[in-house]
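Written below as structure tokens is the structure these notes are about.
For reference, chains read A, B, C and D in written order, and residue numbers begin at 1 within each chain.
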Amino acid sequence: MTGNTFGKLFRLTTFGESHGRAVGCIVDGCPAGLELSEEDIQKELDRRKPGGWLASPRKEKDEVRILSGVFEGKTLGTPITMMVENRDVDSRPYEEIKDIFRPGHADYTYYAKYGIRDWRGGGRASARETVARVAGGAIAKKLLGMFGIKVVGYTKEVAGIECDVSGLTLDEIASRAEKSDVRCPDSEAEKQMVERIVEARKEGDSVGGVAEVIISGVPPGLGEPVFWKLDAYLAFAFMGVPAVKGVEIGSGFRAVKMKGSEHNDRMRWEKGIKFLSNNAGGVLGGISTGQDIIIRAAIKPTASIAKVQKTVTLHGENVDISVRGRHDPCIVPRAVPVLEAMAALVIADCMMLQGLIPRFLG
Amino acid sequence: MTGNTFGKLFRLTTFGESHGRAVGCIVDGCPAGLELSEEDIQKELDRRKPGGWLASPRKEKDEVRILSGVFEGKTLGTPITMMVENRDVDSRPYEEIKDIFRPGHADYTYYAKYGIRDWRGGGRASARETVARVAGGAIAKKLLGMFGIKVVGYTKEVAGIECDVSGLTLDEIASRAEKSDVRCPDSEAEKQMVERIVEARKEGDSVGGVAEVIISGVPPGLGEPVFWKLDAYLAFAFMGVPAVKGVEIGSGFRAVKMKGSEHNDRMRWEKGIKFLSNNAGGVLGGISTGQDIIIRAAIKPTASIAKVQKTVTLHGENVDISVRGRHDPCIVPRAVPVLEAMAALVIADCMMLQGLIPRFLG
Amino acid sequence: MTGNTFGKLFRLTTFGESHGRAVGCIVDGCPAGLELSEEDIQKELDRRKPGGWLASPRKEKDEVRILSGVFEGKTLGTPITMMVENRDVDSRPYEEIKDIFRPGHADYTYYAKYGIRDWRGGGRASARETVARVAGGAIAKKLLGMFGIKVVGYTKEVAGIECDVSGLTLDEIASRAEKSDVRCPDSEAEKQMVERIVEARKEGDSVGGVAEVIISGVPPGLGEPVFWKLDAYLAFAFMGVPAVKGVEIGSGFRAVKMKGSEHNDRMRWEKGIKFLSNNAGGVLGGISTGQDIIIRAAIKPTASIAKVQKTVTLHGENVDISVRGRHDPCIVPRAVPVLEAMAALVIADCMMLQGLIPRFLG
Amino acid sequence: MTGNTFGKLFRLTTFGESHGRAVGCIVDGCPAGLELSEEDIQKELDRRKPGGWLASPRKEKDEVRILSGVFEGKTLGTPITMMVENRDVDSRPYEEIKDIFRPGHADYTYYAKYGIRDWRGGGRASARETVARVAGGAIAKKLLGMFGIKVVGYTKEVAGIECDVSGLTLDEIASRAEKSDVRCPDSEAEKQMVERIVEARKEGDSVGGVAEVIISGVPPGLGEPVFWKLDAYLAFAFMGVPAVKGVEIGSGFRAVKMKGSEHNDRMRWEKGIKFLSNNAGGVLGGISTGQDIIIRAAIKPTASIAKVQKTVTLHGENVDISVRGRHDPCIVPRAVPVLEAMAALVIADCMMLQGLIPRFLG
């Protein structure tokens, strides 16, 4: 159906199964004249790539090839196709469990929906699909950068350990997060997060957390009421990322315990409108205010765990399962670039809908 | 642009400003042959209507008229248009503040986006627009009822007071909530919620809360990966409702502190697949599992408060404002039927996308 | 489903059955700040209205009311809803034939598709639905006028009589067509067309013809390859108008007998690109060239005729039918404003897609 | 923007420039469980491939690879990606004319729209893009075949020579057309067509023609009034194919000279509804009648001709051009499989919209 396409004017369509020939995407609607190279994409893919000492041992180089839409280093305004071949594919561990529905995974639901499923590495439901989102998001980010818009994500919380970024500039948050094994800009919190993750791995278990994305430089006026409000669109984008169970903007769930007099962001005029706080998270009535947009995603603990779990097979047998394969005990750090990509796609689309990006640049 | 249409196959387009001639909607895509009367719609509109002793004193009868799409008591498969005239309209209190951007409202952002705004009663950004959502949702609910699907919402939390529905059946939750002034099925919690609301009103202030919606009878297989996942679609629907700042499904934000071994819902075979818990909230990999779908929305305190707040005018003056008009000190109870409507629209659309509802009934 | 919405950014959704309460539409996506009154719409509706001495005796005043989206004489950027009540409704002639499938009509196909149909006056399949198209098109025309774009249609051929507009300016074509009973700017041809129509009516029969629409002032660059090419979009728009059986652009079907050396429009540079002919009809590779866009629709003879025809009932009986009701013996003149409306909707949408119309004016 | 995606539920997105790395497509929405191999696609691609003695000497093997969406020989319900590498690419003849706008081509309009263009072999505007349409259509055809629906095209007219297929069955038309160098099932007409084509080639010129597509086995009820009527959708699909200047259905442009009493297709009951003629071309009121659907496309003479033509450069110079490259003097025969593909895509989509194809097969 229409499930694999995201966006209205700046559109991403992704394809690929975890152990199939390739994963990739088509970006349709990118303005012509944008300078774009495979390096621009690769840089973002490398941020998402498995391979840290805390992460899955699957070793994919994730080399991207641009198949169309770019000519002499510039976008043509035609569909940009990007492809990453699947190389370090080992389907054997999956063969043994191909009839088993893994708890916390989409095995049963894909089977219920499609009557067939590619059991190799989770097939289409694998987080490997997010390679394509990051590739598409890389183009959106590059485009937004030309209009002074930045998208920065980081690990806000892991296994109950929260980090504190107060006092840090956006660039400091970004650079510290990139140096951190868990994408946490607060080194105190980082240490404890790592401990919890290592501990969970030892137990054959996993932990969850929260990722935050901050978008700066957004002009006021983005978002399409009443259904395609900017916050609704971002919630849609985030909740569709694997393992996300909740989304909040600005004060989010804390707002429910606040009074109106506390929550409302007051305004003052100082050569323009200035908000005195940002409980709104940069969006009022579904339209950007011009403040930073701040959104968070609640990410569940990785579903694949070595611990024995009770489950069933598609033949109706009750069995025990211990998921081996290659998995991250905490998916939050690798979710960060994916959430950034989704945020960038939303903002690029809203910029185009608002008529703020021309059909060709330069 | 495309912001006022919701849904792919079962589609709702809403229109209307708070103090304009009418609010209403077109539902396109409803199967032919569904029995439908104005009473079916009115029943749901009456649930949303202002007028309880805790609510806004605006007295709208909200009488709906069906203008098209129904013939001899049955839907034709053609667009169903519903209209509710705005009658108890008093724009005078708004006239005084028409150049002022109210804190917590969309006044400034509408102005930034459109360069013009209907300042009467909030115009298009008014919660009055949700009349049209409830009207559209009423048709979705009726349709889903024919397939054994129920959508029930209630007030889960107000101003820090949480209610407990454990042990109650879905029908009990529904009937108790309907009898409650604050749509809370737990009479103990209800009393305290009312106290907090009354107190806030006395102070010229407002409070927020959480609404929960439960959907039962959903077959497995609904939702369209990878972007139009069922939970992503529901998050989109909920976050687009006025005043919502966060959305979570199943364990939601609690999931971030859980381990994989706790969070994963184990399965057993008992004449079919049976899940031993429902942390997933009825959705895995973006596809329904067949369990109840459980979603919650964080609702901020009403933005309109009598307390004096600092703000600005569109002419760049700093002013103080006390918002008079007619407002609810807590919007959660009236948000409940709106969230139910949105949930019903999502499920109806997904049922059609999955091919489970024929183009004509009976 | 999604059949009743037209357009991507400038969107029209229509509703209404011929003898229901009302017909009307929602226009979503019109920029804010456009001056718009009911008179602007009424003027176009009056052009489509039945009532000339050659036309159906149904006497509808077709008074339009704007229900939303306009405030103090300007568009708000929110959905604009327009409604025309059905007043001169006489369903009795239809009651007798409600089980009969009229030849050349959609009676059987609506029944096959929906399992139910509103037999009064053709229900949704009635050409009365085009009231809503003309209302929507009136807004598109007004908007395009601000950018120097004109849309002019006229009757090119009726019953084998072709008219000649060579040497006339666009404004002359428009003004002459408006004064003609058959919307034909060539008075010689007009006389013969009228004779043929009167003759057909006497025989209880009907005739067909060709309408041409010319769009001037279109900038180069409109149209979205490879599927939403400008000519493809226009063909889609025209073929969806009741009674249209063919569409052609520029040289159209004459092109098939031409050689490449005749057909290709040569270019010269004279302070800009100048084409030496316009066989392309203003579109190359699906994108506007900046020349006039010239399109024609082949319109079949009116299906409703008094002459006796063989047909069947929904109960499987063979019967004879003579369609009484109130009908035009030639629909071409009244199709002209409808085709103009559709052309205007396409161009407005393409202008927005190309980023040439801002989100708010003035 | 959204121009490169076709369809609502059965969706094709194409990519690729003529001399880029590859052309290809994603088909999203194909039901799961359909048996599908690369051979199924290749068979159709081979029908479109250049290389007959009358055609362009570009020698592409057009080998398709399926990158995703198929597992163990069956579709997964996930996006099916198909890629064809561009191999026999010779951009040198284009280098010389890269600043020249070729008459009858999209050179100027792409430049006007995008501000940049890939001048190698026509870039995105090349008919090479239709490889992807044929690949997507091959899946649609295979799917429709399971429901008894056939799509057959042939060359109806070339350079004024019309062919006669009266008395032939659909299968005979198909098999004779496939054996013919010009896809004409009438050997008498074929001979003359070939003569005209050879003659044109000698003159450095080109000729046009008409292709007809017949779709049999279509159930009544397909098509979505009022805008997405089946005939409107087909017209959209056909007019978007390169070189098409007109589209007609059933009696088409002949209808304009007919009377209603001639044109209306009478019905009789013989164990079901039987139409006594098919002037409608299988569609009434935009909905299929169950009769054969018959549509024709007017195809202009190939724009690339050796004859010298006057034109301009992007620098504003007046020049003469003789287009060398590798071109077909008549594109009609190779347009046939492309038009078939488009027709199949439309019908597959309408079948799904009408709920007649389940989400998984078998």
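Convention: contacts are C-beta pairs under 8 Å (C-beta built on N, C-alpha and C of every residue); 3 or more make two chains touch, one makes a residue touch a chain.
Predicted model only: the values in this text are computed from it and were never measured.
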Report task. Using the touch rule from the top, work out which pair, A-D or C-D, shares more C-beta pairs. Result -> C-D
Query raised in the report: What is the chain whose Cα centre is as far as it gets from that of subunit D?
Result: B
Query raised in the report: Where the centres are mean C-alpha positions, what is the separation of subunit B from subunit D, in Å?
Result: 46
Query raised in the report: How many angstrom between the C-alpha centroids of subunit D and subunit C?
Result: 27
Requested in this report: Starting from the mean Cα coordinates of subunit A and subunit D, work out the distance between those two points in Å.
Outcome: 39
Report task. Could you tell me which residues belong to subunit D and also touch two or more other chains? Result -> 1-5, 8-9, 14, 78, 113, 124, 221, 225, 353-354, 359
Requested in this report: Using the touch rule from the top, collect the residues of subunit C that touch subunit D in their complex.
Outcome: 1-6, 8, 14, 101, 103-106, 108-110, 112-113, 124-125, 129, 157, 159-160, 200, 203, 205-210, 220-229, 231-240, 242, 244-253, 255-269, 273, 276, 279-281, 283-290, 298-305, 307, 309-312, 316-318, 353-354
**Report entry** Residues of subunit C that touch subunit A when the two form their complex
**Finding:** 9, 78, 221, 225, 352-355, 357-359
Report summary line: Note: in the complex, subunit B contacts subunit C through residues 1-5, 8-9, 11, 13-17, 20-24, 26, 28-29, 32-33, 65-69, 71, 74, 76-81, 83, 113-118, 123-124, 359-360, 362
